[in-house]
Amino acid sequence: MGQGAKSEMDMELIQQIRDKARNLLQEGTVEGVIGYERAGDGLTSRPFFAYDSSAVERLVFDETCTHNLVKYLLNKKGKRMAVVVKPCDSRAINLLLNEKQVERDRVFIIGVSCPGVVETNWSHKGETLQARCRSCQLTKPLVYDVLLGRETSRKAEEETYSDIREAEAESVATRREFWQEQFSRCIRCYACRQVCPGCYCPVCFAERLEPLWVGIRIAPEENTLWQTVRTFHLAGRCIGCNECERVCPVDIPLSLLNRKLEKDVKRLFAFQAGLDPEEPPPFATFKKEEMLEFEK
Amino acid sequence: MALESPFIPYVAALKTAIHLTPDIKLLSVELEDPDIRVGFDYKPGQFALLSAFGEGEAPFGIVSLPEQGDGLEFAVRRIGTVTRALQELEPGDILGVRGPFGNYFPLEDYAGRNIIIIGGGIGMAPLRPVINRILQRRDDYEDLLIVNGARTPQDLVFQPEFPTWKAAPRTRLELTVDKGDENWKGRVALVPDVVKELAPSPDNAIAIICGPPIMIRFTLSVLKNLGFEDNQIVTTLEAKLKCGLGKCARCNIGEKYICQDGPVFTLEQISQFLEQP
Amino acid sequence: MKLFASRDDLICWLESLLQQRIVVAPVRVEGQTMFQPISKVEEIIFDFGNTTLSPKGWFLPPTETLFSVRRDDGQVELVPMLVEHDAVVFGLRPCDARGIALMDGPFLQEPSDTLYQERRSRTALVGLACHQAQPECFCTSMGSAPDDLSHVDILLTEVEDGYIVQVVTEKGKALLPKGWAKYKGKMPTPPQLKTIPTKEIVSAVRELFNDPYWERLADRCLHCNICAYVCPTCYCFDVRDYPDKGKVERVRSWESCQSPGFSLTAGGYDPRTTKGERLRQRFYHKLLYFPERFQEVGCVGCGRCGKACPVNIDIREVISDLQQLTEARSGS
Amino acid sequence: MSVEYQPKVVGFLCNWCSYAGADMAGTSRMCYPENIRIIRVPCSGRVDPLFVLKCFQRGADGVLVSGCHPGDCHYTEGNYHTRRRFALLREFLDYLGIEKERLRVEWVSASEGQRFAELVADFTMELARLGPRSKI
């Protein structure tokens, strides 16, 4: 596909998004539309909240729209909001519906088809698709009120967890060393938590004072506790948007943690988060007859 | 030669600890170093940071007066980990003291005026040294009215001192509780309502007020209706602070740092803050 | 005084510095450029835009012990922490040096923060002038420049065959070897930066405290601490005790005004409860409260916050938005 | 490995079965290693993975989580949740560099004093074989 054809398709989709958003606002169906606008670098994109129909002209959509906007619904509880949702992000909607954090009838889901997003940094747009997009099996959002754009026909690679398997084949000591080095860089900015659609505890365990589980020291032992417990809280709940890894200012490879858990949850409980709003996550349910590894 | 870190507290020993209410204790503390003890000068309204080593440090108003001479007193309400640890200290146990910090009530400036003290719950703590200083220099001031409220009779903080306060010349102590008990024969009313009923005159008066935010809010509107100007109303602000030194940048309300510019402000000053507490 | 050092001269000098003191310099860690104490001169990166985190961490570490409590037979001894080594921060950018000068405001005002003060007086700053502007850079709008000498002890400027060494302070002079030749050539032209209008920003900010702008901006803010932690002038901290096996340490760590418990008092009172109020606090601290106390805007124009922000909240954009809002107000 | 090495073990025992089982071992004067420090919890389902991590952070060499046998939970289904949670946590810890053998999950009933004593002995021996845990 040539460059020209591509941007033409983008413009068509963007126009559809703007029209829909304008419509929803003008008819009073929603109070606001959460979408994307061009970032300050003129190249990448950033989240945008449109509250009146004149603002919808700022809405865009392209391969830099990596943010999972579903997170913002948690800040707008009780409000009628529309949100632009990529296929991958729609799993977050299912997660939040399952966990009763989002009221379905208050949210208008503007589903968009997505050819995949690229690695971006401020003022830098990558050439290649993000790894998660290369193995994305969804051709359209799992849940939507309107679907805009053409369903993608891209052939996805299979998620083989090859990097995880490689790590598993190493010795425990090697893995320990690897993660100690990674966690030692953590500055505990909590961006991984703040961006995660599955992180919404009113008081995070990292901020509970009585008892004080995680100390204020920005040091390896506290960082390890923080990262381990945070990712484990998302076991069977992480929907793989990989926003945590993207936002990490010190590039800790958090997807290696989240996908390890995803892989084991599939294996042990035959479950993948966010595919079905009705099916409870693995730790909210059990099977009496199951025998797990340590019992054998 | 290492510099003296302003984060290192003076070592002090707990002399006595008595329960003022079920959840408030009066801690009497003596600094170990005699030179520091003598040099530790402070005024009503100033605060200090107390350390329970192992739990942390928190700010408290100094409720004694330097002329009492027998150590520093703090009224500590059990509210979190540090206050619990402080309450659990036994006489003789070691704690840390940093201070005195902040500004103070300019009582010299109030000479010759009628003083109205309005306190609710633990909010009486910073007002206690104000009352005692006025009583010590009783002739310097005109009438003194004290309105002290609490949730229940048991929660009235400085009960042992009430007889002295009541007996002082030209002094009136009005107690009130939100909820009485079988022995309580006094008022059952909210502080703002009591102030409204007593209707102190704003003429030549200063009102000093401290208590929970909701009490302050309603009392302020009562005082204003009575004709008090903003520069006749003084209060002391609470803030999360970690250093007391103007460094941690946590206690600011707008451009004001509570630890350095405060904690004592007139309502006139507060109304000019960018950010409203 | 201007000297010239060849690359070999510079490496030689760094080798000798490393014998005498801790050298903190930009190194590559897993794709990031970070200031770290080095063990070998070869670790130093010379070719970089700017580091992920500013060098403020050398003076105000992410975590440090303020003092420890030793108990012996009922006696309590409070043991201060000491700064034991001389150091040099090598390769910092002029904007970051200015950041350190700004932190001097709160930390050196009486009573001074002794750990900071000791580190500051025992550490020399060897700056590296920027020969290229990054897209995020706006130091010239904030009172600094790619070749700003004001806050370093020595400034190095890379030229084709080596470095021009500008000796700024006596502290810097004492650090240098003898025998480097005087540099008589011209200084290269520093890179040109796009400027943003910052005129009267302090007074503009004052008027906009209650503007709905803050809540709107907070819509997309995630309230993480990235901006505060990458910033060379953000210095808020938290203090807490660490008891461990009978020993207690009082520790301070970086903290950010975006954290939920930042301004919440024990009594449950919080002057800033909404996200907009919390976000506003960060910009007001930089653009109003800091200048009111220390006479300078608390931003050096390094652009790290805008670059690192996951949702592109950029202080440059905020500054220009505020000015537009002010103009709109005065126009109407 | 030094013969003096004594692993530190934290045991979270449910009030209704495992704690009673440990009690049984005690009252029957069975011997088992003193390496274990027992924390009684209402149900094994109460054990938050955070507790386990905190134990490891503060220097434990091994953690035992023990509850009623499946089907016997005093609260009907608490231990079914325990089973799922810790099956996954063991894998995850191993991945992060804490050998999965250091986290044991066992079902011990109130009458199984002997079994409790044996399993503590066995666990302690296994931890001794693994050696001191590298700091995380």
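Letters A, B, C and D mark the chains as written, and numbering starts fresh at 1 in each.
Basically, contacts are C-beta pairs under 8 Å (C-beta built on N, C-alpha and C of every residue); 3 or more make two chains touch, one makes a residue touch a chain.
For clarity, every value in this text was computed on a predicted model and none was experimentally measured.
J.: Can you figure out the chain closest to the middle, judged by Cα centres?
T.: The most central chain, going by mean C-alpha position, is C.
J.: Measuring between Cα centroids, what's the chain most distant from chain C?
T.: D
J.: Identify the chain pair with more contacting C-beta pairs: A-B or B-C.
T.: If we tally the C-beta pairs in contact for A-B and B-C, the bigger total goes to B-C.
J.: Using CA atom averages as chain centres, what separation in Å is found between chain B and chain D?
T.: 51
J.: What is the distance, in whole Å, between the centres of chain A and chain B, each centre taken as the mean of its C-alpha atoms?
T.: 50
J.: Chain B to chain C: how many Å between their CA centres?
T.: Distance between chain centres: 39 Å.
J.: Would you kindly tell me how far, in whole Å, the mean C-alpha position of chain C lies from that of chain A?
T.: It comes to 32 Å between the two C-alpha centres.
J.: So which stretches of chain D touch two or more other chains?
T.: Within chain D, no residue contacts more than one other chain.
J.: Which residues does chain A have that touch at least 2 chains other than itself?
T.: 209, 212 - these are the residues of chain A that touch more than one other chain.
J.: Mark out which residues of chain B touch at least two other chains, giving numbers and ranges.
T.: If we look for residues of chain B contacting two or more partner chains, we find 80.
J.: If we count contacts the way the header does, which residues on chain C are in touch with chain A in the complex?
T.: Listed in rising order, the residues of chain C that touch chain A are 29-32, 52-53, 62-63, 135-136, 216, 219-220, 222-226, 228-230, 238, 240, 242, 251-256, 259-261, 275, 306-312, 314, 316-317.
J.: Per the contact definition, I'd like the list of chain C residues that touch chain B in the complex.
T.: 66-67, 69, 76, 78, 80-82, 106-107, 109, 111-115, 117-118, 206, 209, 235-241, 243, 248, 250, 252, 255, 257, 262-267, 269, 271-272, 284-285, 288-289, 292-293
J.: Spell out the part of chain D that touches chain A in their complex, as residue ranges.
T.: So the residues of chain D touching chain A come out as 49-50, 53-54, 57, 70-71, 77, 80-81, 83-99, 104-105, 134-136.
J.: Enumerate the contact residues on chain B facing chain A in the complex.
T.: Spelled out, the residues of chain B in touch with chain A are 80-81.
J.: Sort out for me which residues of chain A touch chain C in the complex.
T.: Per the stated touch rule, the residues are 39-41, 44, 46-49, 67, 71-72, 75, 121-123, 181-182, 185, 187-191, 193-195, 203, 207, 209, 212, 215-219, 243, 246-247, 249-251.
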